[in-house]
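In this document, chain identifiers A, B, C and D correspond to the written order of the chains, with residue numbering beginning at 1 in each.
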Amino acid sequence: MKRPEVQLYVTGGTFDKEYNYITGELYFKDTHLQDMIERGRCTIDLDIKTLMMVDSLEMSEADREIIIHNCKYTKLDKIIITHGTDTIVETAKQIAAVDIPNKTIILMGAMVPYAFGTSSDGFFNLGSALAFVQTLSPGVYIVMNGRCFTSDNVKKNRQTGYFEYLQDQY
Amino acid sequence: MKRPEVQLYVTGGTFDKEYNYITGELYFKDTHLQDMIERGRCTIDLDIKTLMMVDSLEMSEADREIIIHNCKYTKLDKIIITHGTDTIVETAKQIAAVDIPNKTIILMGAMVPYAFGTSSDGFFNLGSALAFVQTLSPGVYIVMNGRCFTSDNVKKNRQTGYFEYLQDQY
Amino acid sequence: MKRPEVQLYVTGGTFDKEYNYITGELYFKDTHLQDMIERGRCTIDLDIKTLMMVDSLEMSEADREIIIHNCKYTKLDKIIITHGTDTIVETAKQIAAVDIPNKTIILMGAMVPYAFGTSSDGFFNLGSALAFVQTLSPGVYIVMNGRCFTSDNVKKNRQTGYFEYLQDQY
Amino acid sequence: MKRPEVQLYVTGGTFDKEYNYITGELYFKDTHLQDMIERGRCTIDLDIKTLMMVDSLEMSEADREIIIHNCKYTKLDKIIITHGTDTIVETAKQIAAVDIPNKTIILMGAMVPYAFGTSSDGFFNLGSALAFVQTLSPGVYIVMNGRCFTSDNVKKNRQTGYFEYLQDQY
């Protein structure tokens, strides 16, 4: 049996939120990743595993340990992690602080839930993340807005919702 | 003024088709690329130019000359071309046969029109193409199904609608 | 067991068409009515029966006989028929020419397939048809554009795709 | 100039909520009614007026006075009011308690915001409300779930999100 090409870890975040029509609040049910992969007609062999389903503002240090543990122990060297955008930089930095040699690790998310249809950026971001994970050298990255940021040169602009470099790239 | 990072050429294809509710047929109006870029919250500085709006089965040799001409003469070295999937391989081969040094040229399309909403693969493919164009070395590629194919090792499987390698990659 | 309140007959038409991504043409798979009823959170007890799945330009006299036969023999007195818009007036006239006493029969369709997502009028038309069938006196009607037309005072304007009264209503 | 046929009053509710991608919360921007009317290809001549944009849990008695005032003073005798579902029954009862002769007044809403795309029931409900308002005799009604309820025989089931009759209809 051929080994999958890319490891996909689900941790929650806006990316996978749903609307609860009884309470009017957002919540988590299941991940939409399998649907998205099929709709994208993606032929990359993926191993999708849900580690947790949490809002990233509520992600605990124990949750981050679980993510790091899974990144270390998967036999695959291409890893994508879906993550809420509010603390995605913090998680990326913590993963980068650990010695995980020879693996390309990409964290990604969405500003609008995939379940909200034609206003969501999630499907675009997934396409970008899958492309970057196949081409980037080992390291820890954040993929948002069609760009790839290294974990030591990125911040989320909370006023605009866009990710930015700490230093100008040019 | 800073130069844009990526040149985007529109040529038509299923990607940009619309439904004509009077005739019940598919047709071209305008490209959806600007909408898609905004929805993807993409911060890459793009130069979008519509070269033509044609079904790729009707793409003429003159059309291909126009595409090649534009690839040669743009000052940008990262180029994405939207294209119908039926003859995308033929166009890629013709571009590759021309000497266009130091440019990464990606052809991409969709199996379902972007205008058909939540069943289209176009938005995912655009995310992938924008990522690949930033990371691949110069050459001519086709991006579909989350994968990147070189122009000399790809065919469209007309029974399934998936793109495949001519030779196994492993 | 309680009898259903409304009989729903499916005959095809744009309403239920799908996009075939292999051929690039529109075709019929299954009706979307059950999905639409659930999404509309509709609590009316319906009996949905697919009589045929045809483009109304290809609807034969035998097909119309089947529709009329089913309208006659159902025990329910509220009937909705999904139908392609091109010959919906012709079918309505033929049903009206038959003596089917004490039944409210509504023909309806869509200008854009429901499967094409947020541009389709089908879901709106279904909501209208279900409301009209509960409130109108017996007769044969066409419901489109938020309006109800009697079968003897309606034509499709083929230039605009809107349905119009033959005579002004006011 | 011909008088419009139906008066449409907007008051907010889930129907018109949007997702704020900065805060992750739902909020109001503008009503989607005009878009919905166009998508539904509705040819009824409407007068759309936004009275307020509030969550119905936050609707004040002063807000209800404004609604009642507008129902009284419009010259049109067919009125649709978009309203949040949590207190729609309360508002309907208050309107019914006032003497507004010869007008058909329908309150309607949605369980999922129209902006959330293909999971929303709002477009279906609008189609129903427009049909019922043309056919029902004067009175105050709530239209949800494809049904029409009189204001004195309806409750929202808060466990299921469906509207129900207080007494069985059969």
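Throughout what follows, contacts are C-beta pairs under 8 Å (C-beta built on N, C-alpha and C of every residue); 3 or more make two chains touch, one makes a residue touch a chain.
Bear in mind that the values here come from a model prediction, so they are computed numbers and not experimental data.
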item	value
Taking each chain's C-alpha mean as its centre, the one farthest from chain D	B
Size of the rotation, in steps of 5 degrees, that lays the CA trace of chain A over chain B	180
Interface with more contacting C-beta pairs, comparing A-D to B-D	A-D
Whole-Å separation of chain centres (CA-atom averages), chain C against chain D	26
Separation of chain A from chain D, taking each centre as the mean of its C-alpha atoms, in whole Å	40
Inter-chain centre distance, chain B versus chain D - centres from mean C-alpha coordinates, in Å	45
Multi-partner residues of chain A (each touching 2 or more other chains)	111, 117-119, 161
Partner chain B, residues of chain C touching it in the complex	14, 19, 21-22, 24, 26, 111-113, 115-119, 158-161
Residue ranges of chain C touching chain D (in the complex, touch as defined)	2, 36, 39-44, 111, 117-121, 123-132, 134-136, 143-148, 161-163, 170
Chain D-touching residues of chain B, taken from the complex the two chains share	117-118
